[in-house]
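For reference, the structures are reproduced in the following blocks.
In what comes next, chain A is part of two complexes: it sits with chain B in the first one and with chain C in the second one.
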Partner chain A sequence: MKKNKLTFLIAEILLAAIAIFFASRIFFSEKPQKRVAVIIDNSGDEKWNAFVNGLKQAADTYNIHLIICNTDEIENGTEEKNLINEQLDNDIDAFIIQAAPGYDVHQMLTELADQKPVILVANDALTENIVENIHAASTLTKVMPDNYKMGYELGEEILKDNGASLNGKTLGIVGGLLETDCTMKRQQGLKDALADSGCVISWEINAGYDNNVMDILKWKAEVDYLAVLDNEALVQLCEREQSIANNDTLVYGIGTSIKSVYYLDEGRMECLVMADAYGMGYDSVDEIAKVLKGSVYKPDDHVIDTVVLRKEDIFTEETQKFLYTYE
Partner chain B sequence: MNIKTRKNYDIQTIIMSVLTLLTIVSSIAMGLLLYTRYEKAMKQAEIEAADTLITSTVYSVEHYLLNMRQISNTISYNVIQEQDVSSREFNQELSLFYEMNKDKLQSIALYDNNGKLIAAEPVTSQKENVDVLTQNWFTSATEEIENMHFSTPHIQNLFRDDASRYHWVVSLSRSVDIIDGGTPRNGVLLIDMKYSGILDMLEKINRDNNGQYYYLCDSDGHIIYHPHTVEINRGTFIENNEEVASYEDGIYEDRINGENRKLIISTISYTGWKIVGVIPIDAKNETLIRFRYYIITIVIILIMMILFVNKIVSKKISSPILKLDDSVKAYEAGEKPSIYIGGSSEIRHLGRSVQKSYEQIEALMKEIVEQQNERRKSELDALQSQINPHFLYNTLESITWMIEGHRNEDAVFMISELAKLFRISLSKGKTIISIEDELQHCRSYMNIQKHRYKERFAIEYDIDSEILTYCTVKLILQPILENAIYYGVGDMDEDEDARIIVSGVIEDKDIYISVEDNGLGMREEDVKNILVDNQKVPKHGSGVGLINVHTRIQLMFGEEYGLLVESEADVGTKVTVHLPAVPYNKENCEELEKSKIWKG
Partner chain C sequence: MKKHIIMTIMLFLMILIVLTGCGKSNNEKQKTMRVGVVLYTQDDAFINALTDCLKHYFEEMEDENLKIIMTVRDGKDDQSVQDDVVEGMIDAGCDVLCVDLVDRTAPSKIIEMAKKEDIPIIFFNREPVREDLMQWDKMYYVGGDAEQSGIMQGEIAADVIHADEGCDKNGDGRIQYVLLEGEAGHQDAIIRTDSVVKTLMDNNVKLEKLSYQFANWNRAQAENKMTQLIEQYGEEIELVLSNNDEMALGAVAAYDSMGYPEEKRPIIFGIDGLSDVLVAVEEGQIQGTVYNDKEGQARQMAKLAVDLYKGNSLTGYDFKDEKYIILSYKKVDASNIKEYIIDDTGAAK
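Up next is the complex of A and B:
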């Protein structure tokens, strides 16, 4: 009889525990959203439109709370570290970061990656390890285009327009921010593409947060071709095309904004190489979501597609689909 | 041989187990039914809500497009056909229309049939090298002049933008008759609607939708709006828009990527565009998941409550049965509890019946015991009565001889001793007498026998006087003495010093009376069998008498008492009577007379 009473009591206690468990699920069933901070320079700039669209679409799909930090220029690792620390205080679960310029950033981001999942976008953290004239990739997870390839493709397009020979032609190169992996790789890719073309690289300048490319260009020697490897510099250049002394200079650029496409349409440049920024945003969140979902998941690098646009391609169905990502 | 072992469960466990099983099965079945019904109702409600939403959106889009068509008609009939396109008034009125609707319109443009721009609002420069003749809106308008034509969303490729931006538009084009400098000719009116107008309407209904979504496609299935347009373009999302475009309005089911879906299709008039609502059938939304938890909680609480009630009910039912069972078990164990009578009327009836049965059994048992006692007493009496006729015949014959031989004194002595003998034999019908009387009976008997045997043997008495006041079964020594005479000393000569010694002692609360003779004795085999009540075993002489005595003593006092026979051929025989030392008084006599075995 005692055994029966004990069995009954245990059964009732077990049932009560299960009932309490499910009752709690009624009120607390919603899983808290994972919070992912996105740190990119000039986050409000239209060059990020497609990237942000991709981020938002993926965040919606994976139920992730995105915090796109409102930033201006991020000039160095210290500024980036401050932004990261602010977000760490804000209970962030993971980071999507564009590496800031400088050699100290890699160490700082590697340390961060030990605490929280980190995905690098657009620009890899610069390492001091150089292999075959280019900086070795960082050990961090990267979702970004192959910047070397973008520079190389731009060089190939210049060659294409000149029958593969640029003998006696001069080239000026406008790179992006100094001490950034993407700038260095794009420059190296461009140079490698034109290495045997006979083209003379007259000068190389780099865009910076504090200097106006147009001001510098005024003092530079006239060139036959101008390769602009940075979106801001490209847009600045195209906006003030009339002020460039030599209108015969043909511009080739790497851009990430719809304005750069518009200027291609306007005929202010010959060719535009663009990365699939939407894909970069979507894939970075996709990868972060997988990391946050399972602790055993090892994130993979993603190489984002690039497209080469010419004026006549802009209104094709394929290009319009691509441009829709900027909408 | 298969032996099936069956576990013994009490009735409460069985009732509780059956009720628990029924409770769990019925509660789960009820929960499942409730959940399934609610899920169906929710899905139905979702479909109805989606249908209502689509109807409302169709109305909004229709209204929006109607508005565009009305603008187109007004410009066509009231401005273009009424004014010369080269006149200043025409431009003023066109400008006025644009200003009135610029929140919806990107631009209004009028081209002649050669693709030359006649007028445009807002006034801006057309891009160089734009060939409108190859653009879809222009070819549609010139090929089907009687209709208005809506394009799918596209980047406007006509005019320069001061902000260096592209504009996504839906083009509404139609063929119009124009008067240019007094000359009538044909042209194409293009109204570029802002795509954001349609986008806003459809994005609004695509917020917070628990997996369901709505998209808009044209009559050929080309996507106008889809919340996953980019994924579709990138090939990461599949939609069967081209197939759906051929469907009539209604509700359909389809299956894409292993997912079953409900499609609600509604067509927008004039354009043939379709709004499609997609509701995943298998997807569980948050409300449904919560309801599932709710149902599980309710079912568990219900089971808990019913189990509790079951426990009480099973206890209520089983308790009287268990109590009755316990009292019956106690009875079976030899206790004498009162049988439990309680619980429901059936159990009470059962209790009473059992009690009555036990009472009847007890009465019957008592009766049987009494009957057995009577029977034993009868047997005892029968054994006792076996002695008398044989002896009486011999004695009376001896007395007859004495009288015939004129030995009157001897005859008187014999008759006197015989009278004593019978007095004790009768003992007022009692079975128990004192050892003193038994010894007196013994002496009387031996006096008679000595006369008969002419003093050929001697008799000695060595009796501890203490034993005289103890009880004995009557007439137990006489058969032993009879045996000692007939088969011991009776046939011995006078010079052989035949002798019988009767002795009596008390040892350890037991009394031993022995009759010893120095007669012929018995073989060892005869000694072994002399007290065995077996007809097949031959007895030495009158062994039957000894068996009777032995049986009578055991019937009265128990198996541990009786006779012990020791004998040796040509040496003699000793028969010892072993009795309990029961003081001869009224109480003990009465008790023994009731033939209860003496228990010390």
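Up next is the complex of A and C:
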């Protein structure tokens, strides 16, 4: 009888211990979500659609609370710093940032990286070293495409369409924002690809927040080829295609929006180079989640894939899979 | 001992002066106002033009004390997506919301979220149901009067028909027409359609409806639908009434792609006053449109948003029912088109 009582007591104690163990698992295993602020220019612009899709997908996977900051143009380091400071007051654990234009941004972001984990996307922070070496990069962690390669690939495509020789042909280049790493690298990549082709670069202009590319283009000499290295400028140009339809200028572009694909399909450009923006979003959160998980983890740079699209490629299964992320 | 006390008091006062001085310089810093603009879609040319105007007016209202950041997001024509977008914007920090609803009957979640965070909402373009708008005193609507746009479209069309007997191509005394409507069940589409037809009849134009098609305010869809209508009715169509300019341009594109000569085309009318349509009116491809005052609406929205942010008095506004700012439409046809066409210098031709 006594033995039965003892067995019952032990069983009760065991059951209580198990209950306490599971209860504690339920109540104490729910860690608060880490908060990651994303600072990119014109954050609502459709050029970020695929990137934001990637961010959100990874944030779901890693249980990260994403705060995509409400922004319009971020013209310089001071504006970017103000946005960062606001988020520092907003209990942010880490940052995903597109570096603003200017040589002073690198220092500011490096100081930030000493306080909080930082991943750079789309555009690296510009360093003075780039003047000596176009491949120079900041010491910050980067998840972005190889912008030099994108420019180079675009140049190669122009060459391909001309049997590798562009003797006597003229080219106009529409770059992105001045004093940005991605613009400089894309421009240099393009020029290097066309270096021995005999092509004459008639003029170069840069898109800006305050200038309309079409207004500037009106005053530029007609060219045989137009290389547009910035998504907004490319879309603007294709929207107003009639203003270049009077001549035989062929457009080659780097784009990051579904609109640019639409214009490729419409035949308003010959070729489009695109980055896997979804991958950039996903990988940046993936990397930051690892950093936030363990203090010993050293974040890695990721080079995002790029694709070269022609009109005839748009409806292939592979391209459609890629473009699905842009919807 | 006395010396010590005096020294301590002086030190305390100095610290106080320094601290209050710092406080003052902080107050003098430029304030940042964040405006979240959420569209029903980013594929509507009129809404995009209005958004550009809004951006322009916000930039004009910036000064050394106020920086305005306007973020535009897309509701992707899906109310639940728009709700999520608003939630994200509020989460990231937002002072005023400007919302063009996907579904005018379903703003509850947006209102609830904004009310919780005390963020004023200015609805525009798509008018919420009156009962919803009256729920909270920090909600407003800025837009046009849909009925007025339909009436004006009818009046322009009636004038053109009465002035040119050739509009009645088959000479049967009736005008055979087709309608390009916005969305099924959409309040503006219904009101514009009803009022334009009623106005034409009130102006002694005998009508015969051949068909109608919904083209979701969209140029490409309108081109497809119009192509089908042309294939079915051919030259029987004497009049195309479109609920907006984008669809009117779609109708023109359909006739262009089918190679119709100008003399065989019907008269076409739109609403909104988009720049492409103004050019088409000037060239005679479209006979008239009704100018939806996007500049006026954007100016009122920008001004209201800043006043709400600053907590200024709203006594200077021409509110209807303390909630509505309604701007008038204007008729545009061949007689006054030059007032609306802007040349490269930004001036009317």
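Just so it is clear, the second predicted complex is superposed on the first by the 291 of 327 C-alpha atoms of A that agree within 3 Å, B and C clash if a C-alpha of one lies under 4 Å from a C-alpha of the other, contacts with A are read in each partner's own complex, and residues count from 1 in each chain.
Following the convention adopted for this analysis, contacts are C-beta pairs under 8 Å (C-beta built on N, C-alpha and C of every residue); 3 or more make two chains touch, one makes a residue touch a chain.
What you see is a predicted model, and the numbers here were worked out from it, not measured in a lab.
Once the two complexes are overlaid on the shared chain, A:Cys69 sits against chain C while remaining clear of chain B. Ranking chain B and chain C by residues of chain A touched puts B first. In the superposition on chain A, A:Thr316 makes contact with neither chain B nor chain C. After overlaying the two complexes on the shared chain, residue contacts for A:Val261 are found with chain B alone; chain C is out of touch. Contact with chain C, but none with chain B, is seen for A:Asn82 once the two complexes are overlaid on the shared chain. In the superposition on chain A, contact of A:Asn90 is made with chain C only, not with chain B. In the superposition on chain A, contact of A:Asn212 is made with neither chain B nor chain C.
In the superposed pair of complexes, A:Asn4 makes contact with chain B only, with no contact to chain C.
Annotation: chain A has no residue touching chain B in one complex and chain C in the other. Looking at the complex, you find that chain A touches chain B at residues 1, 4, 8, 11-12, 15-16, 18-19, 22-23, 25-26, 29-30, 53-54, 57, 239, 258-259, 261-263, 265-267, 278-279, 314-315, 320-325, 327.
If you check the complex, the residues on chain B that touch chain A are 10, 12-13, 16, 127-128, 154-155, 157, 160-161, 164-166, 168, 228-231, 233-234, 286, 289-290, 293-294, 296-297, 300-301, 303-304, 307-308, 311.
The touching residues of chain C, when paired with chain A in their complex, are 32, 34, 36-37, 42, 55, 69-74, 88-89, 91-94.
Chain A makes touch with chain C in their complex at residues 42-46, 67-72, 82, 86, 90.
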